[in-house]
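Chain IDs A, B, C and D follow the sequence of writing; residue 1 opens each chain.
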Amino acid sequence: MNFSAANLLLVGILLLNLFFLGTSRIRALIQAAALQGVVLGVMPLLIHGRVDWNTGLIAVATIVLKGSVIPGMLRRALREAQIKREVEPLIGLVPTMLLGALGTLLSIAFASGLPLAPEHQNLLVVPASFSTVLTGFLLLTTRSKAITQAIGYLVLENGIFIFGLLLLEAMPFLVELGVLLDLFVGIFVVSIIIHHINREFASLDTRRLASLKE
Amino acid sequence: MIDIATTLIHITVMLVMPPLLIGVINKTKAWSAGRQGPPLLQLYYDLLRLFRKDMVLSRTTTWVFRAGPVISVTAVLLAGLLAPFGAFDAPLAFDGDLVLFAYLMGLARFFTASAALDTGSAFEGMGAAREVSFASLAEVALFMAFVVLVRLSGSLSLTPMLHAPMTGAFHGLPAAALLLVGVALFVVLLAENARIPIDDPNTHLELTMIHEVMVLDHSGPLFGLVLYGAAVKLLLFSALLLHFALPFTFGEPLLDWALFAVGLLAVAVAVGVVESAMARLSLRHVPSLLIAASVLCAFGFFFTLA
Amino acid sequence: MTPTIWLDLSVAAIVLTASSGVPGLALGRRSGAAQGLASLLVIVGSLLGALAAVAVLAGAAIETRTLPGPLPELSLHLRLDPLAAFFLVPVYLLGVAGTLYGTRYWKQAEHPENGRGLRLCYGMLIAALAGVVLAADGFAFLMAWELMALSAFFLVTTEDDRAEVQQAGWVYLVAAHAGTLALFALFALLWAVSGTLEFRPMTSSAGTQGATSVLFLLALLGFGLKAGIVPLHFWLPAAHADAPSHVSALLSGVLLKMGIYGLLRIFMLLPAPPPGVGMLMIGIGTVSAVYGVVFALGQHDLKRLLAYHSIENIGIIVMGLGLALIGVSAQQPAWVALGLAGCLLHVWNHALFKALLFLAAGSVIHSAGTREIDRLGGLGKPMARTAALFAIGAVAICGLPPLNGFASELLIYVGLFRVNADGASRLWSAAPLAAPLLAMAGALAVACFVKAYGTVFLGPHRSESAARAHEAPSSMLLAMLLLALPCVAIGLLPALAMPALDRVVLDWIRLDSPPPALSELVPWMPIMGMNAALVGSVLAVLLILRSRSRRRVPAQTVTWDCGYVRPTATMAYTASSFAQLLVGLYGWLLRSRSRDATRTELFPPRQHFHTNVPEQVMDLVLAPLWVSFRRALAPLRALQHGRVQHYLMYVLLTLCTLLALLFPIDELLRRFLGW
Amino acid sequence: MLLIALIALPVLAAGVAMALPSDSWRPHVLPVAAAGHLALTVAALRAPAQDALGGWLALDPLGRLVLLLLSVLFAICAIYAVGYLRYRRELSNRVFVPCLLIFLGMTSLVACSQHLGLLWVGVEATTLTTAPLIYFNRTPRSIEATWKYLLVGSVGIAIALLGSFFLAYASLGQDSSLLFQDLLKRADQMNRSWLHVAFVLLLVGYGTKMGLAPMHTWKPDAYGEAPGVVGALLAGGLTNCAFLALLRVFQVCQAAGEGAYASRLLVFFGLLSIGVAAVFMVGQRDFKRMLAYSSIEHMGILVLGVGLGGLGVLGALLHMLNNGLTKGVLFLSAANIHRAYGSKSIDQVGGAMRRVPLSGSLFLLGFFAITGSPPFGPFVSEFLILSRAFAAHRFAVGASVLVLLLVVFVGMGRTVLAMVQGLPASDSGRTNYRDGLLTGMPIVVSMGLVLLLGLQIPAPLESLLREAAAFLETAR
């Protein structure tokens, strides 16, 4: 029962990935990221089945961080950087979407090559995490604005987090928190740098950051 | 003791006979030109006169200028002790004496040329340059000849090497090789002794001379030494050549010495004939002649391998 | 005495020489005391080391010692055997001579900036050279080898404020490093094949045949680069010409020989080579000999000329080595003995007369202030002693009797002719053809040194600076004398050197039958007699002339020169014109570039004619190769073009590729369809 | 306790430094903390093996080695930093100094951590703390460098995290502890395909941090724009932390019997890194970027040595020390030259041996050391690695490495000699920098250490190296 619900959410995440690649507006991108964060926050409870302190705390922390705090920081960065709200992809949106779709298919195929533990059988976690990681990569490599790359990094982390769900028992609580914390600090530092970039270059277009060569 | 006797004769021949060869050459040339020519013993007279004369030294010169002729004459005479005359053994014969022979000549060349440069005269510089340049090619021919002879005789000393042809043990290819070597040695002789077609000893245009121009500034005894040394050199090379020209012996010492003396004179005549028959090569073409000589010997070497 | 003292002495010598320059660093930039101290240390150390070497050559027992290295696997083994001792002798002799020379030639007071560094590296170099020959395992050898290369580099670049010196040093450094890397491979492979880093003769088992040839090629590359055999000589002329003269003496006198030493040492370890190897070495040697002397003829720079002659002499040495190898493969002890002895004796001789010539050239430069042969001239009068010493070196290097060059070349000639005499028609019966070429090299050397000596020391002064020249100070003359005397001694009495050679040969050779003593192979008695006669009679005649001219004083006048009343220096024959004939003859090889402004108008103004001979391998091969290599790299450099997106793409692609490799594609499709 | 102190001390010092108001006093916290850390390290190395936090922290031979290197290198850099910051009064070091200290703490954490996850957390933390260090100069170029470093580095680390998860999942089943010794114990039951994927991910991830080609792209930018002292710490410290992480993973792979596969990949990436470095070093005009590429080259040599196994491992571990210390020499002296000329392009820099004799000579010596010339340490380690290549009959590998080393030498040497030789160009900018005790002595010390490692490796260190190599080989 739970597992199917989990699968449902995972499919939702896959769709969100396609949306990331498809949308042309940064604000929407941030919204979607926040939504994905919330979904991820719910996942542990569903997969873990029962609610205990660890999972509960992790869930809450996830929802708070990924769902509100980090998107908030990104929004602030976006606000103070007086820039066009367009994504400005280096290659068109449609090709990236197609790439993303292809990536999803491949990750499903790839995941099917990896034997799962009995309790995780017929669970879409692995393909979902792969395709999310891939989506993050695509955002990082095909989008030109610093802030969109930050979002890409966030999505990448989400993908890894999804896989982490399989290890709730194995991975001790402390580590999970450490990971979350690192992610948070990472995004925090990133947004600081974004702030400086904006101040120095009066833009977040990383195409200007190409003076260091060879 | 026969050995002592041979040595003494050897030395006397080497010391006394050289100027005569020059005389013969000049006589031959004169006759073929229909002239009377200088007397046969002219060079002896010249030498006596020169040794009696005073020296004139250029202020530019150093000790090298004086040492040059002395060293070269000494070197050539010492080399003469290594060369077998006719059917007789050389006073000194040992493995590797052929190298010493050639290198003593080289020593002589070094100091003759240096002495020439010592005067700071352009002409003598020219002469020295030509001398050392052509010698470097003549040297190749000479050593190629040695290689063939060592190969044939299986010995590393001039005496047995050069006596090998006399044994008459060679037929077919080896004999041909010997013939080639003989021709090559004749060319070397002409080159080493600055004769036509390589050089014209009595041209009167310094620009074209080689050996003569090197000694323009030498005078008196020094000049005498130079002329004498040149003559001795001619005799030595003729002696080498004779082993190919007259490769036989009577086995009777007196006859053999006579044969040798006649042979030397014959060589002189031959040189004279060549000089009157041929014109001087232009300097450009001298190298090719010498290279040709080396190539002949190379052929000889390959004959011996076969 | 205990039989272990000699190696200790050598180690002490290494320590003393290596540390000789250190106290100077503490003392002032202009303090002569530092220089004196350093020189003293070098001399004392060298004397100790030379003592040990001579003792071993005289028959003292071979000693070995193990010093702790960075790791137990890499502990340093030292071995003082006759071969090592033989090479130690010139190292220390030239070390002493060069140091003496340096005290005046490179006065600390005159060179406050680089004097201390120069002395530090000079001592280091002497120590490193000794280390190379004493090393008895691959690691210690490499260590000493590279130290040697580095200190030599610093010595060459002593005057690094001059652009050409920087260039020379750079080319030298690259060549040296390339050689070292080849030796890296050589010793690593040796380790892999023989299972030990120590120098132990390999047992020629089945598997090692292929490895042996690879080892040989690596050795040829690595050591050939150091020895400067053609075509690996490209670094040599510039490096030796642009270093300070007493450094050039050391570099060309002993540093080059380390390449020869390495080859000898390696051939001690490898199993007997096929005859082809020996022939190859003879071929290389002949080519180097002729090439070196021909290029020397084309030079206008006194020191470059000498440097090219080093190539020639290395060629002669390699010919001897090749002869020895043929002997090994043909099981002919006599050939081995003659070839090896010729090779070794020429190592000594070349060290002596080439160092002598470099030092003499240094004195000339020191007093006349130029290296251009055509701007010198007539120095024989103001610098009579230097001129005489140079003459000794010149006659010796031409291999003319009665000096030492003849003795070593005679050994090689006799060896070649012996192959010729008692060789059946086999692969090696072509070897004797090297003899005429060696003779040609000799004759060309005569031409070249008549040119050098005649133009520098004889004739009129060609420039103001030449006219102002003065005799070298006594310490420099003493240093040269130190080298000239052995030249004369070995030349007049070659038999004296034979016992040492016999000992080395006996130790090196690995044949069933022992080699005959050299004195049986070459009759030194008559040769020494001839030498004595030559010297004696020349002196006699000269004395007669002198007494005669005391009685009848010869008239002094100007050079006759076909009637010129007032011959000027410009009328004298220049070195360039002297060599013109031969340079033209070998034009196909030299490709001399001439720049002349031949005018045709009626009253042509002042005109200049200038020729120079480029260093073929460097200018025509390596430099263009490097340029095209860099051009080939250029597109790759575009990979780092500053776009972070693409950087991330690289990561992604790497990841995907590796993962894809994990999953064969058909597998992937099957699963995909199956799913 | 000792271990916790090792990590806590620098962090506390960082707090103190943060609290200190004066820019001129703050730097002096560095040497104090460094001295304390060094003392603790020595104590920890002498003390018998111990663990903390239930085995999450412990010092195995590998850890000891890395910790020793870190502590020594940091001590050198700390003293240097005091002198350096005197020349940079115009910039506030309120962030710089604390970040340096936290960096020390986090690297120590990496060295001690025995837990897969904790290790990752440590490495990520070092990444984050170094970002402000690189941005110290506050120039547009330094921002760009920081941005690239941060993005590429974080992505790499993220991949490493995924890899760690995979490794964890591969060993999922019985007692699911992620302590390395448990992983090693359970290695043989691990699931092969998960393990393979895990190794690939970890190799790419930590390889990015190490700077293996083609994930090296951040290195030249970061090293080029960061202050020299930071460059030294990155090249000598951070990269070795990543190397340590990689070693631990490799060890697990070997224990699982997948050593062959892992070694193949390591050798491949080693060669690739050396090659790429060679390509970019030829004709490099910016000497700090040149050093960055040199660092890439040597990371390649490290993994190559490990991949070759046998003596190669010993060589690699030794080379880790040599490279770290030599890089210290190079980066610090290069920084002095940079200070003295106000430029890091060889178009302006020339005749450094005359303008700043000490730094110039040290830079030249460092160059010879890093290119494997005796009597310096790298020669020994490179000789071990290369000999291993031949002993293992990997002739192609050995030969290509040698050729590449020659290219590297030519490329690097051209730049270095152009910098140190000749006369200083008259137009090249004059600055107030002169070699001083604080900016000179540390370099001399580390040069001395490099020399020592080349002549005579101290017995304790040698035994430590052998333990570490054996520890790595046991699983094979």
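Everything below uses one rule, namely that a contact is a pair of C-beta atoms (placed from the backbone, for glycine too) under 8 Å apart; a residue touches a chain by one contact, two chains touch by 3 or more.
Quantities reported herein were computed from a predicted structural model and do not represent experimental measurements.
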item: Partner chains shared by chain A and chain C (touch criterion as defined above); value: D
item: From chain C, the most remote chain by mean C-alpha position; value: A
item: Gap in Å, rounded to a whole number, between the CA centres of chain D and chain C; value: 42
item: Distance between chain centroids, defined by C-alpha means - chain A, chain D (Å); value: 31
item: Averaged-CA centre spacing for the pair chain C and chain B, given as whole angstrom; value: 37
item: Inter-chain centre distance, chain A versus chain B - centres from mean C-alpha coordinates, in Å; value: 101
item: Touching two or more other chains - residues of chain D; value: 147-148, 151, 155, 193, 197, 220, 280
item: Two or more partner chains touched - positions in chain C; value: 637, 640, 644, 648, 659
item: Per-residue multi-chain contacts in chain B, two or more chains; value: none
item: All chain pairs that touch each other; value: A-C, A-D, B-C, C-D
item: Complex contacts: residues of chain A adjacent to chain D; value: 113-115, 117, 129, 133, 137, 140, 146, 149, 153, 156-157, 159-160, 163-164, 166-167, 169-172, 175, 178-179, 182, 185-186, 189-190, 193, 196-197, 200-201, 206, 209-212, 214
item: Contact set on chain A toward chain C in their complex; value: 90, 105, 108-110, 112-113, 137, 140-144, 149, 206-207, 209-214
item: Residue numbers on chain C that touch chain A, as the complex places them; value: 637, 640-646, 648-649, 652, 659, 663, 667-668, 671-672, 674-675
item: Chain C residues within the chain D interface of the complex; value: 68-71, 73-74, 139, 142-143, 146-147, 150, 157, 160-161, 163, 166, 169-170, 173-174, 177-178, 180-182, 184-185, 187-189, 191-192, 626, 630, 633, 636-637, 639-640, 644, 647-648, 650-651, 653-655, 658-659, 662
item: Touching residues on chain C, where the partner in the complex is chain B; value: 377-378, 380-381, 384, 387, 391, 394-395, 398-401, 406, 409-410, 413-414, 417-418, 420-422, 425, 429, 432-433, 435-440, 442-444, 446-447, 449-450, 453-455, 457-460, 521-523, 526-527, 530, 533-534, 537-538, 541-542, 545, 548-549, 552, 554-562, 567, 569, 571-573, 577-582, 585
